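The chains carry the letters A, B, C and D, assigned in the order they are written, with residues numbered from 1 in each.
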């Protein structure tokens, strides 16, 4: 099975000059920007999140990444995401960061959101639309 | 006159591993992060701005920077700021980014805020407290 | 004349979750990342620069930007670049940052590179290939 | 036992305006910048790494973080680091990111470097000085 088959939705992301650190490759922290951006873009495009207005928002409570191969600006990347676990108020994603067109991931990660009330920041059950959108990624 | 004498308030800022780009020095865009952070920290510490609550907020409408010498992580920097011009709704700053302890600036810049209503984003006269705080930097 | 007609080469750039600052729009410093990335991508794709190997490299000595309208992640942007001035060792660009498909720029900027020897960091005349590539952008 | 007692070396890091994302707190990816910066600063200050010259360099092969509480610019942070495991060519760190003066960590993470030859990027045994410096953090 191709590594790409493990993911259910994809976002293309362009790398930037300053993503490359002193060692000439994309800095490790940037991969989390890619994964965060891919997850939220998907939720926004699917109508499951409005970062400026939604009454509940997703806070990252855990993340992790394994790095397999370097990525170098100006190579574009493709981020694949899928949902591993859906709780009452939480969603855990897995993600793969691929150089555009590559079969093998440069990095694989995970990422857990807990949904909270925007104002009180107390955990809140997932709204129906969000639950439907993330269920489609399992 | 020392270059440092041109500035009225100072913020110390630590550099980060990923500030250094592929050429081994702090990337040009990071200097704007430093200046923006120095200006806003001063306003917050002086009680002239609460980024989460203030009814008016400052939007950057113009910025510029000249780069004289490289800075390299892990060197810490000191950012000096002063106010060049105060308008009805706007404040223009000049800033110098110095390697800690250096007499000459690694970069000098400017930075203009226009204050707007947080919700409507329409220009709004500077509140008294803000006007007092920035007047003290001229 | 459309604002877009002022530019000679274009790069599409995706915005990221963390580009939006506390005010819910792309932070001012990020526009410099966009412009820097657009300029260098063009030079790399045209064979005028290899950031890891070229004997000479371009250092930013001046930059500036005027902000006309907000950009908000996840909106993608298009960066137009053109060359304003070519010196013995330097190239000055103008740039426009547009929300994808918009006729009017969200921001317009400029950006000057001085080319230096990678090791000595002393100014060096532009190599022929680079001079040809930037001349085509005037 | 205080959470702070788990760490052997400390770095103070200033937060920046653009560290706060749209939700008004430091973005999750920034915590990795903090940890990476704290680890490398320590190695550089102790003479165990020269990022521009060392014949071997440390590449991040794995990282992870759990987020317990928000941090908000302009709060400064203190990053504690300690070494969990030393292999032939690798070092695994644990890290805690604390708001300055707080007893409890806002986030706890881990971070594994594999040391490779700068040119060939093949794993290489830790040099003696580096081994001594990281051993002192266990």
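We adopt the following convention: a residue touches a chain if its C-beta (ideal position, glycine included) is under 8 Å from a C-beta of that chain, and two chains touch if they have at least 3 such contacts.
Here the structure is a predicted model, which is why all the values come from computation and not from measurement.
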{"item": "A-D against C-D, pair bridged by the larger set of C-beta contacts", "value": "A-D"}
{"item": "Per Cα centroids, the chain farthest from subunit C", "value": "D"}
{"item": "Where subunit A and subunit C are represented by their mean Cα positions, the distance between them in whole Å", "value": "28"}
{"item": "Distance between the centres, which are taken as Cα means, of subunit D and subunit A, whole angstrom", "value": "23"}
{"item": "Length of the line joining the C-alpha centres of subunit C and subunit D, rounded to whole Å", "value": "32"}
{"item": "Set of subunit A residues in contact with two or more other chains", "value": "17-18, 20, 22, 24, 27, 29-30, 33, 36, 51-52"}
{"item": "Complex interface listing, subunit D residues touching subunit B", "value": "11-18, 20, 24, 33-34, 36-37, 40-41, 44-45, 51-52, 73-74"}
{"item": "Subunit D to subunit A touching residues, read off their complex", "value": "22-23, 27-30, 32-33, 36, 51-52, 57, 59-67"}
{"item": "Partner subunit C, residues of subunit D touching it in the complex", "value": "17-18, 20-22, 24, 27, 29-30"}
